[in-house]
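Dropping a structure here in structure tokens format, bear with me for questions.
Chain IDs A, B, C and D follow the sequence of writing; residue 1 opens each chain.
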Amino acid sequence: MELSYLIYQLIIGLSYSMLLFLISSGLTIIFGLLNIPNFAHGTLYMLGAYFTYFFLHSLPGASFVVAIILAVIAVGVIGAFLEYVPLRKIYERSHALQLLMTFSFILMLDDATKYFAGTDFLSIATPKLMAGSFTLPGDREMPVYSLFIILCGLVVAYLLWLGLYKTRLGKLVQAGTANKEMLSALGINVPRLFTLVFVLGAVLAGLAGGLAGPLKAVSVGMGETIIITIFAIVIVGGVGSLKGAFIASILVGELNTFGVVFFPSFAMAFTYILVILVLLTKPEGLFRIK
Amino acid sequence: MAKKKITRRAFVKVVGSGALVAGAATFGVPTLLRASSKPIKFGQLNTTSGIMASQGVPGMRGAQIAQEIINQAGGIMGRKLELVQEDDQVKPSVGVRKFRKLVLEDKVDFVFGTNSSGVGLACVPLANEFKKIFISTSMSDKYTGSNCSPYVFRIGESTSMASKASAYCMVANEPGIKKWAGINPDYVFGHESWDFFKKGMKEKKHPVEIVKESYSPFGSQDYKPYITALLESKAEGVFTSLWTGDLINFIKQAKPFGFFDKVKAFVNNTTSFATAIGLGDQMVPFWGEARYYPFYRDTEINRKYISMYRKKFDGYPGADVGAECFATVMALKLAIEKAGTTDTPKVIAALEGLEFEVPEGKKWIRPEDHSGIDEVVLLGKFHRDSKYPFWVYDPKTYFTVPGKEIAMPLDQTGCKMAKP
Amino acid sequence: MSLLEVRTVSKSFGKLQAVSELELSIDEGEVRCIIGANGAGKTTLFNLISGRIQPDSGQVVFAGEEISGMRPPQIVRKGLSRSFQVSNYFPNLSVFQNVRIAVLSRMRKSRIFYWPVSRLRDVNQRVGELLENFNLLSLAEVTADKLSHGDRRKLEISLVVAQEPRMLLLDEPTAGMNSTETESTIRLIKDLVTRLGLTLLLTEHDMKVVFSLADKITFMHYGQVVCEGPPEEIKANQDVKEIYLGGEVC
Amino acid sequence: MPSKPQTLQNPIIWFLVSLVILWAAPLFLPTFYVYLITEILIVSLFAVSTNVLLGFTGLLSFGQVAFFGSSAYAVSLLIKGTSLPFAASFFISVGLSALAALIIGLFCMRLRAFYFAILTLAFSQIFFVVAYKWTSLTGGDDGIVGIPKKPFFLFDINGPDAYYHFVLLVVMVSLALLYLIIRSPLGEVLQAIRDNSERTEFLGLQVRNYRLASFVIAGTFGGVAGALFAPFQGIVTPELLHWSHSAEPLMISLLGGMYFFFGPIAGAVIFVFIKEWITGFTEYWMFWYGLLLMLLIMYLPGGIMGFISEHIRRGKDGPK
């Protein structure tokens, strides 16, 4: 197999990786600081897609970008509600109970979506500017939108890195992820910080949902089809580690791409094999937050 | 084995007969019969929650429309038709539990439905155990093959029919294409579809070079590696049995690669018309094969089905399963009337060889294996039509195969049915 | 003959040198007390000896056998048990059950899965004795996390004693106890040592406790041993006085 | 508890009384409920076995379906593919799940908390993929259809009542064994590990070995439940091995009260009935079901048994 084809696949895989990173970054931050394994994270991603569709079609003249921004806000509001009302009650409980709680969110949000939007598939058009592709040597096409997703992933990664490492708030989140007691010792309003971080995570999921719109059938249940992959990424990367989520997203995305090229019949098992291999060698993920 | 003749007389006008029965129920029927005005109960299993709700919900709706038509016309032999609908959650274990509930608790007379063969096949042993008729609305050939039973029917197209019809259509319309590739879902249906497509090509003695065979897991998020691999194989024609969300995801991700320009023919054997509705103006030109295509037959029953569906549910009746469930309810009604009773063995006998017309067209149930056989199976190539907010088949490309021609020959079904 | 020997053991956490090239030797039957300010490395030393953490360099030898590198359960099986500074018990189990875990382990009956634990007469009898010794019998049925602070400390020590070790490491056994509780605990420990001939290594802030128990005192500062000797000697040591909170020691 | 009087709460008496009542149940109940209770019994056993890990060892495993499902597949293949008597197939299948639990357990024991959960999930998903893809053996997603209920030793277990009685006996014996294990020294050590694994180590107990034992026990009895389930349904499909099916016994244990041996049983009864009822009355059952779950977690975090025992305790303390 020629080198240019491999590089081509590498870039194709990267666009999937970056989409995965957009979703998993939010989950890993929430899981790291709040210590809540939010099973409904995929559902927030779904809501991002639905809201984008809704704003795109209900506001006359709304552009894709405007629709996504509005959708992200809407998902953020829902995230704030989920954190503020039910989740706050169970911070001290076991992971199992927290999982069950967030599972109940999935049930409710899925059915509410079904009630308002129906069960038919919806489809978000690729914005005209990005609908085309570049033709590469060898008569290969590189879709503009795939490159756009890569760009979005890198920009979000950079902004999160800035936010987490260069601002006071980010440093608090870092400190809190490593050591919960430290936050209250520093006199921080912990509940407010938690709400803020949960909303940030929800916003990232919503953004990913909106950006995934042009690549996917928007449908109820699209969150459940991706959530295990996202959890796998967070765990492989190390809970709470942004760098870990970034690297693990690339691993999963590229593994999926090259796996399909070289070992297509194992496609269903790729992610799980990766999880097993990583956890057996690094029981706390690639990048452990101390 | 003697083939059963289809006589013109035997095609029953569903609506007309309904009206007749309604009249009979009110005036002509002896009091003895009228006294048993207990409703006739049909139990239905389909998926109304989760990712497969896009299939199951229209299935429920299709049956509800049939029920409304029947009851407005006076019911079945003067008895009201009652539907008991249950969500199978696409889980065979739930399907089994709900089947038992329908039979034992709700005391339904007949059971039908399912939009996944996993659930449907799980119901087969129960139908045998409870000696209840079960009519499947999912596509597996096994209902009328290795798992066939006196109590089990499948009145819609099967996987083999849909796949072979796709092959025939390609041989007829794209005879120049020799290099074929497949992208199919990585489960039984996908593998069978691809095998039957190749078989269909062989039957037509079409020289085929298979340049790529790929299978993607159900619910794949990223089809780009499959797409680039297909393009790299330089296939001229691509067959797929992806369906529902998977098909939409594939199409949306393939489009920017110029896939539908580079590949001369793309043919799909399970194009629920809901796909076209879902994609709207982002649709691409490809060959579709649907069990139900709303705009082909301008028959009274089809018009009625579409108009009632649109009025009741605000949307087009795109999904196959909707029409399939509608057809099933109608077939059962006719069989009950033909048998004059809801007694299972007699209704089985009445269903065997039944000919009827539904929105999907005219159908006949082959007695030997209980397989429904359409008068014709239709394919067409999607194009933009300003009359509709979505793409439809280009009428110039309509391609039909007589159902009997592609029905699995009786000696190949593997069905050994012991009559009850 | 020395029972426990710590040979040039060092441990650092990042830039912090918690214990550096520490040497310690404790004879069989001796009661040794380690004193020093907070952060002197006492608890780290305990963790190193008991296998909770591994030394960066050096060795820990117990009864002639190297135990550094072993996991805690193995070390316990050799006869070296420890208590914790912050009470460390089983919060959702009753006091009785808490002690029973230790007794089951000691009597090698923890693997029995085919017989109710409530029917193991010898085990339950032993638990009863221990609770009686520690004045906890009236609280036997109370869930451990409902105990008062002093009772938790008693439970903590009873868990260690229940293992009948050759050597006992007690990390501030009387921390947070009131004076009567402290007195009775000291009496208990003294009694145990004399009755069972135990070797005892403990850290303690309360100098009354230290001087009434210790045969020998080791004074630690910044992860190193500053001086070592019988109580009177330490009492008189000028360094200790200076470093350790001025004259408060005596 | 050691010092409590055992007369009123002798578990053997309770065991016999409930066995007799349940044995007679088909005399009074319509067939559908016989099926439903059969299912509840099997689900209860699966949940109680899972709860040995969750509630009594403090391990959140998402992989318990691997043992339930592999046993269900094994028993189906043995029944359909060999002439072995059912009893032999049954015990071989259970043995296989125990072996699978031992092997997977050895790999997973190093991991803590959620990492453990995800690793067990990954392993069980490998089982799922195998069942899904090895079509020639397992029938792929269509599964193995038509598993007959062959006689168990000399007992004919065909028919709903007969199979119910068979399930009842096996489940009651299994529950009795599990109860014994939980009340045994081993069970007490497991609870100690749940409460404080580090302290358990400092009492001279190799936590990893006990956790592994717990994992094998849970896997074995999960396997018993699976081997009962396959002939009951007459079909096995990969659904039984999917991770989402692992969530069910966890949910049942939490709802019922995971710190109580009988919690999962209470959970199973309520869970199956609520779900049956709620899915029957509305297409939007998921919403109402989700809302109910959320409220239960918010207001009864200790589960049903936790709530009841709290009230009993309050009732006792009240007059003082």
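Following the convention adopted for this analysis, contacts are C-beta pairs under 8 Å (C-beta built on N, C-alpha and C of every residue); 3 or more make two chains touch, one makes a residue touch a chain.
This structure is a prediction, so every number in the text was calculated from the model and none was measured.
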Task: Farthest from chain A by Cα centre, which chain is it? Let me know.
output: C
Field: Intercentroid distance (Cα basis), chain D paired with chain C, Å
entry: 42
Message: Using Cα averages as centroids, what's the distance between chain A and chain C in whole Å?
response: 49
Query: Whole-Å distance, chain A centre to chain D centre, using C-alpha means?
result: 33
Message: Suppose each chain is reduced to the average of its Cα coordinates; what separation in Å results between chain B and chain C?
response: 76
Query: What are the residues of chain B that contact at least two other chains?
result: 48-49, 57, 186
- prompt: Going by the touch rule set out above, which residues of chain C reach two or more other chains?
  reply: none
Field: Residue numbers of chain A (touch at least two other chains)
entry: 110-111, 114, 265, 268
Query: Which two-chain combinations qualify as touching?
result: A-B, A-D, B-D, C-D
Statement: Listed in rising order, chain D residues that touch chain C in their complex are 1-3, 180-181, 183-189, 191-192, 194-196, 198-207, 210, 213, 259
Field: List of chain B residues in touch with chain A within their complex
entry: 48-54, 57-58, 186, 214-217, 219-222, 224-226, 228-229, 231-232, 244-245, 248-249, 252-253, 256-258, 262, 274-275, 277-282, 315, 318
- request: Quick one: which bits of chain D touch chain B in the complex? Just the residue numbers, please.
  value: 30-32, 35-36, 39, 132-133, 135, 139-143, 145-146, 233-235, 237, 239-240, 276, 279-280, 283, 285-286
Partner chain A, residues of chain D touching it in the complex: 54, 60, 107, 110-115, 117-119, 121-123, 125-126, 129, 132-133, 243, 247, 250-251, 254, 258, 284-287, 289-291, 293-294, 297-298, 301
- request: Over in the complex, which chain C residues touch chain D? Could you list them?
  value: 50, 52, 71-73, 76-77, 81-82, 84, 88-94, 96-98, 100-102, 104-106, 109-118, 120, 123-124, 127, 140-141, 159, 163
